[in-house]
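By letter and in written order, the chains are A, B, C, D, E, F, G and H; residue numbering begins at 1 in each of them.
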């Protein structure tokens, strides 16, 4: 404790980092950041940009960067991204920004990328499932898992699916994103002996649109699946990371 | 007209049959029976027993038998069936009763069974889909179609499905009944070039139970399907009959 | 096989077409196109533009054109259409673009239009059902069916409906599009002996709006109907094509 | 006031009747009865038996009988009816009980039946709509309206409907009860120039069952209807009475 | 018939008006107009502008004006209104346009305004219910009923309601528009002996928003109401007109 | 601590009571009972009997009685009540059982009834709301609040409501239970300046039945209300107790 | 009365204020304002700007200001706010405008701020709950309550919550706003003995989004909560004021 | 192959087992059993008894026992269980029946119980969650995982939860079953770094009852969870087995 306070006093530690160390979270302008989540939960607190002002997104991301050397932002808009980029130019010019669809990772120069001895297969039924799968991919890559992305194997042309079964069987855990009737995770889960996490995607119109038919179908699946909310690529990715890390720990 | 009335007068024609001939429908104790439906619509009026008293079911079935030589009753309870059997013993001792699950066909001794040069494939995903498929089967058999029943080929064990593809391709029209997530009609419709009619079945519990997930999934299907209501085996069978008869007409 | 590869080698066959021939589908920038769907399923894979970027729509349409001599795009926006038109000017200047509402057909110069000896009646209840009916019409015309379009015969003025019964009876299969309470397919199906496919349309406001009342009503219909999802004109058209082709086959 | 109290004192008026006269309502064991509703609202307070104990139903009915010479009970069970009959044998042996399905009217010997110079047409689509229509019929008969009951004219056999149009046009107000897709009120309202009140009936199964499709369809109707809740025959009848009485007043 | 055709021949009658006379409806560019609805149904076909293009609105309105001397358009947008005004300047310069909120009435110079000896009370709970009430008001005024508009008497300040009871009792029929919890029609219907038509209004947010709570509450009302769909001011007005006309007929 | 253990050792304290004292909760056969809830939360843990076996209900109630001198059981069935009574005869012959509808209070001989200087008004719209109000009443009486129960003042006969306003204004907090359209809490909350807690009741049938219309209406109320779940009389009572206790504390 | 009228006559009292004094409400251009609500109900009528035109908002706010020295406007848009500011510059240049998010308070120079001896704790789970909490805060501050705002203590990092328990226990009443799964009010209500009012917030996407999961979860809470509608910060604040005032009255 | 057939010929192998070996599934009276599921999918096909006749349950269980030395039956009723027990007495007198709630495991004398070096924590919020957790427990025990069952730690008494955190952290994967608002999986998942699978339980009444609030809340969880359908204890257990086996494989 004394050491920590002396480090703050001599400027080698920022007050925010010290607060994070002591409390587990940091109280900033835009709210309390759960700086200890990576340690406690195994995955970092991602900043859900949707519903926040650009200023709030920037403040939270910069607090995360300062206290954990890294920030993960999901569902960011162009306007929010521009605000973040502009602000980081000044406050953290050495930081790296990685953007993938609407997901952003900011890394400090000191950040050390971990790696996991486990493979997450990320599968989509069609083109429109891409952004949701990308969100999952960013989280898995952030944790250092090997990723095998298999796109566009929807069951309307079943050969597309069957041709990939060997790759699917090689993964340690599978994330399968599908909209419309959402049958793909059910079909795949019938063919492999790995855990499958279904992600309903909000494509489709009319009755059961917005991903509701896909969600209900995955919950009712006649095979074994666990499911996350509609479009919740981040949650699926994070759950896959927790499983992959447990496997990695067994292997090491 | 004169002839008809004279036939009534001399007792060779019942008043009900004469009314059916003249008006197209017959007004009895339990309501008006659409005696002309077979002629006009190509399928007979089926008597939906659910929600009717045994007396009403008997009255309607006997009117149908009297005016069209045949009665088709769906969703009949044991109590309603017993009442029907007892009454027919007296009013129509020559009639034949065929019961299949909760569907009943009554045929007069004079009834001539038609036949159609077309095959309806009736497919189920699992054991619980049986009664719904049976309802469809009775209607198709009633119309004289050839029936190919393929049971228990749900996608959880995809080989069960794929092993039957050749039979499925041989049908002229397919009825596919499935509950839970209802993926089977989608998978099958991706493999054949015949019209597929999906029938959601009210199995399954929890969210999307009661057939709602299966219905929504079939409506959202990424292949081409048309759909009937949950458990509506009769409607699926009747629609298949209309298609089969059009094909039969083309062939003859 | 050898022939195919030699054709690719000497440039008389594009790699994409060869892949389509060998695999059944083609893997491009914007996903896998099911090039074999016409052969296997009897209807081509339509590209649902909604939810895709203009670049993705263009890439998929051009792959379809290259490998199957034809592309069918539904729910295209003006921006997506402009991108397609601009790109085709360069990549396929001989191709023909047919646009009908939000549905587009692209045909190569070599495309041979098939024809079917069967008539699809396409019926609307009111003016707002037009675009949905148009989507069905494009699919049926693409398959070469004869089309009889009967507009604006909603049941509020029942004479409008009854005056067309003879035309309706002449069709081999009927598609009936209706919004609001969606009663028209029920009334028509009571009058004809052809299969009727109901298409609920997302007109109407308040409770049951967005086509939900029409869908539920068609599923509950006291006559025999099969149904597709709200606004799913393409699916209704494709199902009608499958039926029409079976009838055509019987006739020939 | 003085007169009233003296009548109570000498026993020529019961305390309950006096309370009803003074307060408009009577407080008894099973709750407050709105004895003045007939005067104020033009229709009596009906006792909804569903959810009440037999004792509560009896207490409320006897209070109504005592203070307004008449009691109207809806949705009565056999057990509740037996309790009422038994109790009335003792407390009001001169009273008359009229039962129609699950609706009961109790009349004191003094009750004077009013009459209205107006006709209410009560129409059903099918046999299962009977009990709901009966509830409406009891209310209209209670008010003294002429009733024209037209049964079983559902649109599946449209001739049944069209054959009755003249009778339908002769009514001053129409109540139309229909379940399943509930199209009948829409079709009838397109043919007559009288007010039509639609009553959705809770027949039908699957999606939109329990009367929900019929309700949504009547609310979305492309003609002019007003609607009451599912199975609310009493409400439809009472609304028709209010209209019929206004017409009767105009005529007299 | 001969006369009619001669009138067309000599130009004193337009073909459209002749078609309306003969068929009951007119087939134009934007659909079939039910020109006979006023005669048959007692209220004119209103043109629901929502979901139609400006060209379609103009075409339908001009057909109505030509064949029935009047056009009624509901839910018109500014863009549709401008197109109508511009076109009428040319095609019918003598016509009068009356706009009230999003409802428009176009009258030819020859139009004779009818009048009814009956009063429709139109009541709102709050300011936001105004446009829906206005739609009802236009229809009632069009039919010539006397209108008594009572605004802003929501139950949150019950004295506002009670202060108006005498006026409410004087009306022959009441339309009561209310959003949020929609309690006003229930409270009013408990106080008057006239028919009350409830109109749920799509104000309110959160659970039960969009008018759904108000609709459900009116259907569940413990008094006697009939109801129309959310925001369906036109339907409520038209139903009131049918009732008012029946009363007027009784009085004359 | 030592004292506690010695008390257990010499039998003057049961192990369960000691566990409750030390841990705040007691682990028994049927689960952990939150014995400290009264201290921590101000209201005791009520045992929701629904969904539990009679054995589980008995075990939990006896643990509560042993460790807190009192047990509160809600939604108890006759079978569960009988099991409880039988068991208590043996295990706690001095305990008192108070049953009110489906709510039961068991008191040890030592139990000291507290009292609060605050009045809770409990109001019902009609007879069927009684059991839900009774549940609230038991909880408030248990806490020692003065209770003013006002029954059967539903808005269909508004005078019944208005006649009670003075009593309603005298309460410190009001619980208002109503089913069907649930308008009563809204009307009352417009007339008093005390906090009103609305309890939707699951009466009513058809659309919005089961209490859903009442719940949605109370949430949408144009006045100020807070709400509990459908039929949640216990929760409303407990919330009123917390408010009443705060007022009582202010007064003392 | 005479005095009042003389004050109007000599201009010392505006007609609106006199009307408010006499009737309890004031009838203006944009509707009737419930000027007596503060006296009768203990909280002022807030003007819900959503769904009203800027002119209507201005008219109602100015009437409120004139007759009650204060106006409270919720859910105001920028355009409505600008119109209000501009108009007040002219009509009430001495008035003060306080804006907090989308809530506005206008105070006349004469307005006397009351104060309450009670503390309302206002708690949020995350950053996006801020605007809803702010609406509650304005109402409580307006009534003069002490406010303790505790932000960003969502249960994902439970230490954030537990660290604040002492502050939460010190409040007299708690408002807890939370979106997503809405678990925070449940967790807090398990730890304190004050009344907790849950406010579901419309954050979150997919199934249960728009605040529906949070609302359902708060209604189902295994602790004791009362709840207001989704995003209804004003209602929660007003309910807290009524409780706080009762406590304050007890204390004084 | 030859060997297999010879084994059938000499009676050392039953035809069913041979079919299972060759086809992967066995076709019996009550449907096709997926005998290869354990090999292919890592978990056996469980026989869902709900919706099947006792005869069907017996036939499927005996086929499973014959071909895979084991049968797993879920949601079995007393009547189905009795039929199974009676039949096995005759057909497989050496088999062992293990019943836990409504889940049954039948083991042949030859069955070898596997074991996994991994721990599944199974957690319940309250007593009513027990049967759902038991279903999960049977599946995990069947696979040989170590099970740590932690009961009755719902968040209403948060200390109950926090006291078990160390045990929860020691598990390799957690299944958390909770009804009502379903907050427990969210709270636990915030405290541990293992994968958490949430199981909503169908306890609770009113709005969001039947497990819907719990499901929606788990899907909306502000932490990382994956979810299975309401009451789907079997699916949660099977998913945990797949994860546990992957961890076990890593360890060995």
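Structure notes:
The working rule: a contact is a pair of C-beta atoms (placed from the backbone, for glycine too) under 8 Å apart; a residue touches a chain by one contact, two chains touch by 3 or more.
Remember, predicted model here, so these are calculated numbers, not experimental data.
Where touching is counted per the definition, the chains common to chain B and chain C are A, D. If each chain is reduced to the centroid of its CA atoms, chain C and chain G end up 53 Å from each other. Centre-to-centre separation between chain D and chain G, using Cα means, comes to 44 Å.
With centres set at the average Cα position, the gap from chain C to chain F is 60 Å.
The multi-chain contact residues of chain F, meaning those touching 2 or more other chains, are 40, 126, 156-157, 190-191, 206-208, 212, 215, 219-220, 223, 229-230, 232.
Every pair of chains meeting the contact definition is listed here: A-B, A-C, A-G, A-H, B-C, B-D, B-H, C-D, C-E, D-E, D-F, E-F, E-G, F-G, F-H, G-H. Interface residues of chain H, counted against chain A in their complex, comprise 40-43, 172-173, 189-195, 197, 215, 219-221, 223-230, 232, 235-236, 238-239, 242-243, 245-251. In the complex of the two chains, the chain A residues touching chain G come out as 23-25, 27, 30-32, 34, 36-37, 40, 45, 50-52, 56, 60, 200, 202, 211-212, 215, 229-232.
Chain contact summary for the complex, chain F toward chain D: residues 126-128, 151-153, 156-157, 159-160, 163, 203, 205-208. Interface residues of chain D facing chain C in the complex, by the touch rule stated above, are 125-126, 154-158, 180-183, 186-187, 190-191, 204, 206-209, 212-223.
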